[in-house]
Structure formats: C-alpha cells, structure tokens
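Same chain, two partners: chain A is paired with chain B first, then with chain C.
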Partner chain A sequence: MTQSSTIDPEAPAAASPPASAPAPRPAKCRRSPKPPSVLLSKAGVTALLGLATLYTLLPLTWLLLSSTKSREDLFGTNGFALGDEIHLAENLDQLFAADGGVYLRWVINTVEYAGIGALLASLFSVAAGYAFDKLAFPGKERLFSLVLLGVMVPGTAMAIPLYLLAAEAGVVNTFWSVFVPGLVFPFGVYLARVFSAAYVPDEVLEAARMDGAGEFKTFCRIALPMMAPGFVTIFLFQFTQIWNSFFLPLVMLSDKELYPVNLGLYVWYSSALSQGHPEDYLLAVVGSLVSVVPLIVVFLMLQRFWKSGMTAGAVK
Partner chain B sequence: MASPSTRGQRRTATLLLSPFFVLFAVVTLAPLLYAAWLSLFTTETSGLGFGGTESVFSGLGNYAEAMADPQFRDGFLVIAAYCAIYIPVMIGGALALALLLDTGLAKARSFFQLALFLPHAVPGLIAALIWVYLYTPGLSPVIDLLRSGGIDISFLSADNAVFSAANIAVWEWMGYNMVIFYAALQAVPRETLDAAKVDGAGAIRTALSIKVPMIRPSIALAVLFTVIGSIQLFTEPKVIYSASSAIGSTWTPNMYVQTAAFQNNDFGLAAAASLLIALFAAVLSFVVTRISRRGSKL
Partner chain C sequence: MLRRTTVALAGSVTVLALLATACGGGTDQGASPAGKTGDVTFWSFVKGSDEVAKAFNRSHPDIKVKFETVPSGQEYYSKLTNAVKAGTAPDVAVVEYPNLPEFASQGKIEDLSGSLGPLVKDRFPKATRQLVDLGGKTWGVPRDAAPLMMMYRKDFFKQHKIGVPKTWNAYRTMTEKVKKADPDARGGVLYTDNPGLLTALSWQAGGQWFKAGKDSWKATVDDGPSKKVAGYWGDLAGKDLVRSLSTLDPFWTSVQKSETVAYVCASWCAGAHQATVPDQKGKWAVAPVPTWDGKPASGMYGGSSFVIPKGSDNSGAAAEFIKWITTDPEGMKAWVKSGTSSMFPADPKLVPVTKKAYGTEYFGGQDVYAVGADSYKSIPSGWTWGPVMGTTNTAIVDELPKVAEGKADLPEVLSDAERTTVEHMRQRGMKVTAP
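Take a look at the complex of A and B:
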C-alpha cells in the first residue's frame, strides 16, 4: 500500500528483483532482430496505432468543424468536412448572448464548483493522507478502512441520498448543495498516503522533531511543499470528477443561474430535441467546444502529473 | 506512557484528519443513514388523494418492491450485457495499444499516447452528445460511410443501444487505461525480457506469456474501477434517451432511481434502490479485489 514504485510487490518473481525507484524507468528501445510478421513491423505498428488515433480524434474533429458551421450547414453538410461558410464568430456571439448571457454564468459556476472545490478537497486529502502515513494515533487502520469504504461506494449512488438529506435540511437548489459534496474525495486520501510515503522521507521528519519543531508546523513548512506534485495530481483527479458530474447537479438544481456547464448544455440539448428548438442544438455544440478546449489545454500542460497519479493509483 | 511527542502527534493527527472526516460524515455517512431510515417508510395517499399523503412504516417493503420490480432487475441485466461488451473491448484494446507502444517499433510514441488519451479530457455528457450525432441516421457521416461499404447499422435501435452506449465509454476510457498499462509495462525488468529473447521467444509470445502476466495487478485494478464505473451508468444513456425511444426511462439502475424519485415521487423506493446499488457495487469490488489478490499469488 505504501509501495512507491509502479511495480507490484506481489507480481510473479522476476529473474532479478526490480529496483524500487519511485519513477518508472525510461522507455527502452527493444527490437527483435527478425520481425515475425508484417503487423509487427515498424510500419505495421504505426499503422495500427494510427487507426486507433483516428477513432479517438475523428469525433473531436466533428465537434471542432461543427462549431464553425451555420445551423443549415450543421444539418446539411458532411460532418467531417467544413461547411459552406465559416460561422464560428457568429456562433460564439450567439453562445455568449443566449438566454441573457447565461453561458458565462455556467462557466463561472463550474470553475467555482470544480476549481475551488477540488482545491479544498485536495488540501483535506493531503492533510489526512499525511496523518495516516506519518503520525501515530490510535485506531488508525480502522479509520483508514472507513476511507476505503468511501472509495468503494459509487459516487452517483450517493446523489439521491444526498438530495433527500439536502431536502430535509432545506438546502436543495443552492450553491452549497453541489459544492460541498465535491469537497470529499476518499480516493484522494488513499493517493495522498501513497504520495506521503514516496515523497516525504522519515529522516527529514526526525530531524525536524529533534530541532523541536511542532508537528503541525512540520507538516505545513516541510511536508506540504514536498508533497506538491502529489497535490497537483489529486487536484486534477477531483477537478475532472466534479467537472464531469451530472447526476448530482441534475437532481439538486432547478435554478438556471446555479447550473454547471454540463447541466446547461444538457438542458439546451434536450430542449432542441424535445421542444423543437434547433437553434439550441447549435448552442449545445458550440458550448461543448468552448468548455472542452480549456480542459484539453490543462491536461496537455499538466501531463506529467496525471500520469504519475494514474500509475500511483495502480499500485496496491 | 504518552510522551510529549506522541501527544503532539495525536493532536496534530486530529487536526489534520478533522476536515476530511467531518465532511465525510456530512456528505457520505449522514446521507446513507438518512436514506436507510427513509427507505423503511412508504408514502400512502389517504382520502382519495384529497387528504394529502402520510408516511407509513413498511420495514423492508421498499427493498422487496425494488427487487421484485422487473424494471429494476432489467437495469442490472442491461449493465451485465453492457459490461460483457465494454470490458473486454476496452481493456483488451487498451492492453493491445499499450503492448504496441511498448514494442518500441512505433514512431512518435508520445504523440500517440496523447492523441489516444485525449477523449478522457472530454466530459461524458459532451462525449455522448457528439456520438449521438454520429449515431443519427441522415446526419451521421459514419453511417453514410458504412453504408457505402455495404454495412447498414441502426445505432439508435433498441437492439443496438447497449453497443452504442458501450462504444461511447470505450472511446472515453481506452486511452486512459492504455497510459496506465504502458507505464506498468515500462517497469517490467529488462533482464526478464532479454532472457525470453535468448530463449527464442518472439514478440507476440513475449507479450502474452511474460509482459501481460507481469502487469496483471494493474489490469485487475483497471477492471475493478471499470466495473464500479459501469454500475453507475447514467449520463450517456440519459443523453441517448432524449434522442431516441430505443431506451426507456428506467434503462439502467441509476435511471430507475431517478425516475422513482422525480417522476413517481416515491422517495422510499428511490432510497432503497440507491442503497441496493451502493451495496452491490461495494460487494462486487470486494469480490474483484479478492479474486485478483488470489490470482496474483499463484
């Protein structure tokens, strides 16, 4: 559980024991002297990967192209080609003007729910994970099994219980009814415990204790900066989770001003299909593109953090 | 016994653990307990519907009602059929792609890794919105392309709904799991692979009998998370539901819960069904963890 490498301790015995370096070893160039088939030649492997890339990128290409089309072109021209005219600027104008500029409100809401929510959730997770890894206190493993229980209870199965409790407390259809559930991230506590074991050497803490530094001060001044990469990883995980969440805001919110982008797009989309507002369909498509682009940029910029988090999650 | 240092550690542990556990109690434990309490009551309409409603204690009646309801049970069958397509295709695809990258034969490996991962940055709702367009006859360039190749598929028919929902999930998660598997493959000790080469094992043989068994723990964990995710299936079918009559309002267990709560206003039943889903997921993940632990000790 506190193993820091990506190698599972219970993996079948290797010829020689792997070094438990915290980072995976760099890519190796292994070539077989005689490629056994065409598919395993350089060109064959590249072609297979290219085919898979086509599958992942074509739908995104559709989204990009469709956002530049007028409504007539969206339904009248090939989805994987440009329309007769580039309509992107007009579409963006319409998007931000629709329903009194409500789209921008949704974006701000989402940044608050996902950005501030994930920031606080990561802080609480790192604090708890550090305490589980480095501090001695009674009942530790019993408390930790409660965290693991939290990991196993599926998030969406909580939506209706949360709604029922919020209804009883009279906080349904408020900002807090969507914001507060995002502050709890049990898997983040699990990850933080792994990261604390990997990044914060016990010797450093011993030295701080010898110097008479208080435990809390040691956490803030020494351990927290050392766990910064883990913090970013946990943040990214929870950020995407909240940004993706749909069931919870759907049951909690009825006031359009409180919607996250996801829910707003869904409402436009279903009103286009069920109430015959084709202009709302274009809004949903353009609104999708505008909300996806920053996410993709964030993921590209923070590559090394999500990669390290995903592989740390694979250690058990 | 308690030295100042252990007392300091306990005090700080309380301080550091409190924010998480207080919130955990508020948004996880309390709702579960409250839902468990509400699930014991059923709402009865008195006086021909004019006298309002009253709450009547019904014990485990709601649980019995949910489990006896074919609509709820069919939801689990849909999930089972969905998993039967989704898990082998997605995990198998991710593994195959990771092994291809790991051969070291491909050019532009980091480009492929990113391009294959990219759909994961797209929220599930938007992914569904895109794919439903690509599923719609008359609009979809994919359908036109397949038809010119002699294949006629109706993605939004009732028969293909499971496949269509699974494809959206494959698109979202295959690259994500590929990145995990690729990282695990990179950590396979080189000596083992060299030994296999000396013994005359080819690339495919090495992949199947050495690489895959060595990353089995990563695969097991990916399957576990995929199963937990599948039970929660809601967003993608909800989007398909608004575009097509192929699937009903209770197609998956979570859709059943939402319908029970907000169309039928039966909160007791919705609470009971929610808890059954949570219990089912927890038991299933416990079982999968157990099996994979035992498997890796062989």
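Take a look at the complex of A and C:
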C-alpha cells in the first residue's frame, strides 16, 4: 500500500525531473492527462477508505463482541470471536444495577452536560457570530480576534485555571462546575460568523427592518431559521466535545452522583483489575458500548443538517 | 506567543469568573476547630473504602465521614495535587507508598508527627515505617503492605514434574521446563505497563534507589543489585522464557488460557486472582518468592497509606478516622468485609483479622497469610521511594515493551531512568547526588 508499489510504465520519465529540465515543452509528450498515482486511483482510494473504515470499526466490533461475553469468556476467548454464550442481557442488567444504578445517573448527567450545554452554547455562538457578521459596533474586530485566540487554546489547558477559579467561586464539585465551561465555545462563534455570512443575505435583514422588526426579532425569526444547518453543525461539534471531555470533570468532580459517563467508566476501569474487582472491568466494557449509542443516535438524526452544514459556503 | 495565550486565558477566565459568580452557591463549610467531631471528606479508590466509611460512621456518631470514589493511577494524583493547590482537598486521602515522598516534599500533605507519629512508631515494622517517614517526620499511616509471593499452577507443575523454585537460578530452570512442557505456556511475566514488580524485586535483592538526607537526595536507581535483577529479567524476556504483557486484560487473558502458569506477585494478587479467574479454583497455589541466595528476602509491590492533605479543615477528626481504618481491628474487618480481599495489613497484629475474613477454598485451603507473613518479615529495611516517582516510572515504562524484542537493555533502562530522574529533581530545585 505504499507509494513505492507504483507500476506506471511512464514513471521513470516522470520521476526524473532534472532530465527534462532544459526542455520547456511539457505539453508535447503528454498523450493523455498524467495518470494519477496508485494512491489516488479509484482502487487505491477505495482501499485506503477501506482501511480507515476498518480502523474505525474494529474497536467497535471488539466492544460489541466483548459486551456479549461472560467474564470468563472475556479473558478466555479471542477478542474478535464470540464467547460460548451470549451474556448481553445479563451484562446490561448488571450494568444498570451496579452501585445502586449509578450508571443511568451518569448517562443522564452526560446528556445534561453535553445536550443542554451544547444547545445553549450553540445558541450563544450563533447569536454572537451573527452579531459579529451583521452588526457594527466599536471594537468589533478586536473582540473577534479575542474569540480567535480562544479557539487556539486547547480545552485541556483550560481545565486547571478553570478549576482554580471554580474553587475560588466555591462551585467545585457541583453540576455548574462542568456545565458552565461547556457554554463557552469560541470555535462555534467563529463558525457562526462564517455561516451567517453564507446563509443570511443582508437584503433579507434590510427587508425585515423595513417591515418594522426589531433587531432581536429579526435575529430570532429571520436569521436563526436561516442558519439552522450551521446551528446543528455547531451543536454537534460542541456536543461531542463535551461528551468526550475528560480532564475537566476529573479535576472538578469528586461526587460520583455528578460524574459524566466517561469519568464513571474510567473509575470502574482504572481500579477493576488492580484492586481485584474484575466485574467492574466487564461493566466498563458494556458501559462503553451503551455510552456510544446516544452519540450514534444524535449523529444519525442530525445527519442531514450536518452534511449541508459541512459544505456551507463551498459554492458561493 | 506566551503573551497572546495569557490574554486569551485572562479573557476566558474573566468570562467564567463572571458566570461562576452568577451561578453562586458557596459550598464552603466554616472552619471548625481541630476537635474530633464534624465532617470528614475521604478520597479513595481502594476496594472496600465505602464499607469502611459506613462502619466508621456507625461506631463514631460524632464524626461524619463522606466517602468519594476517585479513579486510580496518575490521574488521581494530579487531581489531588490540584485540589490542594485550590484549597478544595479532602480531609483524608489514599496515597500509595511510591507517591508519598512527592506529596511530602512539596508540602502538599500535613506533617502527622505530632498526631499520628507515635502510633506509626508503635505499630509498624521498620521497613514499612521508612516508607511514610521522611526527613524525620511522619507523613502518612500505612494501611496495607504488599509482600511478594509466587503464584503457580499446582496441576501443571505436578503433571510435568516441575519443582517449585526457591532461588532465582531455579526459577530460570523452571521457566525453561515450562516452555518445554507446553510451548504455549510460560512460567512468568515481565509487565510492560508497570515497573512496580521490577522495583520490588530490586528491593528484594538489596537495591536502594533513593536515600533522603537532611536537605538532599541520593539517587542510585542503577545500583549493583538492581542491575543484577534487571539483567536477569531482561534476559528471561529476551529469550522468551517469560511473556511481556500489560498488567490489564492481556495478562489475565494469558492466565485464563493457561498460558501463564506461574508468576511473581504480591499478597493482594491472591484475591485479585481468584476474583478474575474464578473457574481455575483449586488449580493454583502460593509459594514464597524465590531469592538470590536461598535465604528469605522480599520486597513490596503495591500497598497504600492514608494522609491528611494540606488545607484540611478538620484534621483532628481526620486523624481519628485514619487511626481507626489502619490500626483498629474493627476498621480492618470493614476493609475485608467482602471476603475476597487478600490485603495484607501493614500492622502485623491485625493479620489474624484479615486472615479470618479471607476464604481459602480457591487456593485449596492453603494458608496464604502465612506465606505473606513470612515474606513481610523478610523485607529488608532502608528502602525509600523517590520524590519524583512519576518521572522515574515513566522513564522505565516507556522502555519496558522494547525489552523482549531486544531493542532496550533493561539495566541500561535503569541508568537512563536515573539520569531523567536526577534531571527532574534538579529542575525542581532539589539537591541530588548521584554516583
């Protein structure tokens, strides 16, 4: 699958530019457009995509198969083979019964952190992006570069300063300590500005103003619906980001009832084998499978918007 | 670049501060006098912690312990460090022995010499005491010790007429015989994700990686005994006489599939083993860990202690709680209530308590605690963990997977780890001498 496997008869000529350097007549010896390299041929691209698909699906396959196994089979059988018996139902029962049903609590927490958080974050981002695009106010570009700076700072780097701040404010180990940081999404603001420029023609706004709509009404009734695909894209971005965020909840939370699902799973996983309760290991495996489901559902449901959002501004 | 980041940080930070203040709701509890009453927050990842907290609350109506589960591993220690920095640390926290000096030397935990020092001096053997005493002060109270032992498949050894090795020479012969008897089976493991066992075996051989002086450290990670041990295991791994596996599911898979038929581990492994591989009941036995000269000697692989982080506002009650969970028979009973923990108490007087709770059917009625007790007694004193064990361990772990392929030489890995460690210690402003 490497480039060296090229079997192009014209390759030697093409591969030695110094020889053809003094002759500036490239068009002559070109019967047809230069054949693309093997990597870019149809078969090559398909194969590469196939590899990428495998890379994505293999862990999921392992997860799916392992979730159906009993604990003995989990360690006793091949990771990509079925166990002797299908234990999925028992495993799910155990998962939702473990520690007084704390898993369900974690899932609900995550849905709150990621779902409500991303919804509000998208709303704020779209409003801010729209304002940056359509409204004129002093210091606009300077403020916007501040937003861009915010994009550059990785979320993990913010976790410790946020934690110290939250401690100062006395909200460590509360719902808000994880929820509030999720509302700030500079990249979303940047995207929203691009979307606003692409989707909302100035003429429409002018018409709305002429008809007597106030700024706020114009945004809510005219601009927001027009930016719906952008809204969904931003929502999905932020939703996955909060769903996957690990370090922030790790430092902020110590009450198990407040954990998001990934942190809870990590607690099970990290001490399962070293502390000698391997049943938690199986729980972590099954719990991981269940925790993937909402993400898949959200993506499938919002796929149409997501796709149209991805190509927004491509043709303009 | 730095300035830009600072601006961005400051910007976002202000936003959050506003939001955070808006959301209000202070959870600060008023500082209470250092009496032995009130609320105690307790962080732990150790099995049975919830039971212990519950039992303590039942017998101590004046103190209310609130237990919070935390993940184990490096993540936990960074969480604890940040909590101390932010002033939101719990009143009691678990800290494993290797991590204790780091917390002590950075002033992240309270000096317990006054409150619990006499207890530590009274109850624990010297080798264990030296793990929590540093610079003449007591920083934590030991809960469990983790003396080494060897697990082996009785049935396999009997069937192939393999003797239980008493020395490392014999152990090597054993691994050869195992491989000959069954090409899929091996008689040992070199863990690729945890240097703890290798360290414990260096300790057993008489190695001393660190020494804390009055105001300086001595680092000798690659001293003679440690190099001997590293050379031995590197050789076994290189010749494929022991497997190179991660301590997590790859290891347990190999046990479940009867591909690992003997391994060196600590006392707690017995409980973990029987819980993880329940269907091999009756097939396993425990033996003293082999030694270099045939005379009993051991080391510690694991074990935990309890500390009071700096900033605790109820250290009086916290000390009372720590005392109960480490040295009170009732406290010890609560730890092992599940009946499947083979935890070995650091206080030798409490061994009968844990022994009584532990069911011996899995190991065919064998007295696992007797093996543990002999092993515990033979741990040489003088071992001290370093002040940047995270760095030391990472330097070793990064190379461990390469040892079996011959891409890394284990004794040299130790020398490199020492260099990295000394560098890091100097960066932190510590005085270090390394030969």
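Keep in mind that, in the parts below, the second predicted complex is superposed on the first by the 251 of 316 C-alpha atoms of A that agree within 3 Å, B and C clash if a C-alpha of one lies under 4 Å from a C-alpha of the other, contacts with A are read in each partner's own complex, and residues count from 1 in each chain.
Definition applied: contacts are C-beta pairs under 8 Å (C-beta built on N, C-alpha and C of every residue); 3 or more make two chains touch, one makes a residue touch a chain.
Only a predicted model underlies this, so the values are computations on that prediction, with no experimental measurement involved.
When the two complexes are overlaid on their common chain A, residue A:V267 makes contact with chain C while staying clear of chain B. In the overlay built on the shared chain, the residue A:G170 is in contact with chain C alone; chain B does not reach it.
Once the two complexes are overlaid on the shared chain, A:E72 sits against chain C while remaining clear of chain B. When both complexes are overlaid on chain A, the residue A:V153 reaches chain B and chain C alike. In the overlay built on the shared chain, the residue A:V292 is in contact with chain B alone; chain C does not reach it.
Of the two partner chains placed around the shared chain by superposition, neither chain B nor chain C is touched by A:Q94.
By the touch criterion defined above, A:S254 reaches chain C but does not reach chain B.
Legend: residue contacts after superposition of the two complexes on their common chain; A:Q275 is shown touching chain C, with no touch to chain B.
Comparing which residues of chain A touch chain B with which touch chain C, the overlap comprises 75, 146, 149-150, 152-153, 158, 160-165, 168, 180-181, 183-184, 186, 250-251, 266, 270, 273-274.
For chain A in complex with chain B, the residues that touch the partner chain are 5-8, 10-12, 14-16, 18, 24-32, 35-36, 40-42, 44-46, 48-50, 52-53, 55-57, 59-60, 62-63, 66, 75, 78-80, 123-125, 127-128, 130-132, 135-138, 143, 146-147, 149-150, 152-165, 168, 180-181, 183-184, 186, 189, 209, 214-216, 219, 240, 243-244, 246-247, 250-251, 262, 265-266, 269-270, 273-274, 284-285, 288, 291-292, 295-296, 298-300, 303, 307, 310-311, 313-314, 316. Of all residues in chain C, only 4-5, 7-9, 11-13, 15-17, 19-21, 23, 25-28, 41, 43, 45-47, 68-73, 75, 78-79, 82-83, 85-88, 90, 247-249, 252-253, 255-257, 268-269, 271-273, 275-279, 340-342 touch chain A in the complex they form.
The part of chain B that touches chain A in the complex is made up of residues 5-6, 8-17, 19-21, 23-24, 26-28, 30-32, 34-35, 38, 93, 97, 100-101, 103-109, 112, 114-127, 129-131, 133-134, 139-142, 144, 171, 174-176, 179-180, 183-184, 186-187, 189-193, 195, 197, 202-204, 213-218, 221-222, 228-229, 231-232, 234-235, 238-239, 242-243, 254, 257-258, 261-262, 267, 270-271, 274-275, 277-278, 281-282, 285-286, 293, 296-297.
Against chain C, the residues of chain A that register as touching in their complex are 71-72, 74-76, 146, 149-150, 152-153, 158, 160-174, 176, 180-181, 183-184, 186, 250-251, 254-256, 263, 266-267, 270-271, 273-279, 281.
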